[in-house]
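Labels run A, B and C following the written order; every chain starts at residue 1.
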Amino acid sequence: MFDNFLEGHEPMSDTPFVVVEGLHFSRGEKEIFRGVDLQIHRGKITAIMGPSGTGKTTLLKLIGGQLYPDAGRVCIDGEDVHRQSRKALFAMRRRMGMLFQSGALFSDLSVYENVAFPLRVHTDLPESMVRDLVLMKLEAVGLRGARELMPSELSGGMARRVALARAIALDPELILYDEPFVGQDPISMGVLVQLTKRLNEALGLTSVMVSHDIKETLTIADYVYVIADGRVMAHGTPAGLDVDQDPRVSQFVHGEPDGPVPFHYPAVDFFTDILDAGGRR
Amino acid sequence: MIRHITHLGRRGCELLEALGRAGIFLFLSAVGVPSREGWYLWLRQMHFVGVLSLAIVLVSGLFIGMVLALQGYTILVDFGAEQALGQMVALSLLRELAPVVAALLFAGRAGSALTAEIGLMKATEQLTSMEMIGVDPLRRVVAPRLWAGVVALPLLTIGFSVVGVYGGYLVGVEWLGVFEGSYWGNMQASVEFIADIGNGMVKSLVFALVVTWIAVFQGYDLVPTAEGISRATTRTVVYSSLAVLGLDFVLTAVMFGGLS
Amino acid sequence: MKRSKMMELGVGLFMLAGILGLVFLGLRVSGLTLTAPSDTFRLEANFANIGSLKPRARVTLAGVTVGRVAAIELDTDWYDARVIFELDAELEDRLSRDTTAAILTAGLLGEQYVGLSVGGDPETLADGDTIRDTQSAVVLEELIQQFVSNLISD
């Protein structure tokens, strides 16, 4: 069903909406990014992929301005995210939505109130209008009937859909997805994949998606960046990556268990380790 | 040796850094005019930290007042001074026991719950997502809790004192037979409103700020895992208890120790 | 909505109870009266030794508290202590001129306070007057010393 969609491989010529340049970030001693460059174009779904532990969520937090890079910059619509005052940053975030891995619904508010939350905070709309908007967003994710439930009563997939409704409540221009498909049963996964794509088309959103679910991500993404070892290892359209010759990219894209990205955590030689067991200090 | 000194130095720097973070944190959350919704959030937290802590505080106050009267009587009666029981019960409650014990109970009942609640919100990324929606969690989550704590604990301390004085009355007058007139009369003659009740309230206000501050900061600053939450909750109770007892000494020295 | 009304009510009651508690402490425990600080007048008295009398100590007449010690200072003319009392205004021009003031101790170990006793002089004390006839505090150590030296000289 996504076939016609994948035709959009034309070169992206317009100015990118989000630009990441020479991004360096380290946490303690550990270097997470060593010069990452990304360009994210308007109205497209851009996927950022890579093995777990490569700091993909960290990258989203850097884009959202929650973390500060050691060097480099992140520009959204021409404005440097990390050179804003606290107030300007919060204003900027009104134009972004973020979908968290766990959904991150406010546990003390009902589904309805969760979706209404951004509206109440940022607008002075009358209650009837808020209600219409909330029901509209909930309808879009198919959970209008669940509006009185509390987040603790929702399944993981439903919670993520409510979170999606909340993320789009203010009609943002940019939406950041953190591992949207992880840990879902096949049905909810399918629902989420379809929803993501449909919302992107219908609302003209720019989407950035961090994921390691290769199959699902490749079906909906317009452009893919593969990150490993703190750098962009490869980027291109899903079709382009599929035939990439780089062994590391091909290992990741085709999901091979062992290859340039080793199966084993770095350790001394197995044989030596076994023999050493008697001499443990 | 050098390694140990380096270690000590690093711990010192970390401590200083944490204190700095906590200070900025307090400033950012405490300063600012609350919105109408802010009042409502504050009200909810007042219910949570105030009304729900009332039972434990009042029951403890009653027992402490009763024990004070019982212990005080057995000592005072040796000097033939059992008429001074009211004065002893009231002064020990107002100056020391009510502010301190109420603060310790508050740290255990409300402080640890605040830490766990904020910690859980952090662990489930609710704070981050609030930030991404463009709402400052310091103002929305932390500030109402901080101010609720600061208002609730002095009120709880008053309740503790009142119930404690009545507890002392029950044991001293009703049970041990101290003359009722001298119980209240000696109390009224020796208790000063500003010097005793006022200073007790000041103590309680200081404890309220410190305990709530520690609780919300520990919740906000914790490592967002299950283990991190349980550690932070323990830290809240330990740190606030130590802070309350230590500050109590300092405040007592300043207020009643002639250090002025 | 109903639950939040209950909650508001709870918090309201809680705060009201707190305020009432404070009023209770003020009135019942510290004996604060709601009337404004009543009018007072001042008397002075010189004592050779005030013992451990402190400002704000009680001043009694026939055991009834009638005022407080307002200030204690050293009288550099006589090198004794000048104590200033604040007494209830209703006693103004009613205490006889030969009223005596004594520093007494409540019980063996209690606080020191001032006891007044009225004489028979028809003239009375007005604001700012000085009580002539005073009796210093009994210092336990001096008493013991006296007793011991008497014992030895016997």
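Things to note:
The definition used in the following text is that a contact is a pair of C-beta atoms (placed from the backbone, for glycine too) under 8 Å apart; a residue touches a chain by one contact, two chains touch by 3 or more.
Everything numeric here is computed off the predicted structure, so don't read it as measured data.
With centres computed from Cα atoms alone, the innermost chain of the structure is B. When chain centres are set by their Cα atoms, the one at the greatest distance from chain B is A. With centres defined as mean CA coordinates, chain C is found 76 Å away from chain A. Chain geometry summary: the mean Cα position of chain B and that of chain C are 35 Å apart. Per-chain CA centroids place chain A at a distance of 43 Å from chain B. Contact of a single residue of chain C with at least two other chains is seen at no position.
Interface residues of chain B, counted against chain C in their complex, comprise 43-44, 46-47, 50-51, 54, 79-81, 84, 90, 94, 151-152, 154-156, 158-159, 161-162, 165, 184, 187-189, 191-193, 196-197, 201. Chain contact summary for the complex, chain B toward chain A: residues 37, 120-121, 124-126, 128-136. Against chain B, in their complex, chain A makes its touches with residues 61, 64, 66, 86, 90-91, 93-94, 96-98, 100-102, 104-107, 117-118, 120-122, 163, 166, 176. Of all residues in chain C, only 4, 7-8, 10-11, 13-15, 17-18, 21-22, 24-26, 28-32, 56, 58, 65, 107-110 touch chain B in the complex they form.
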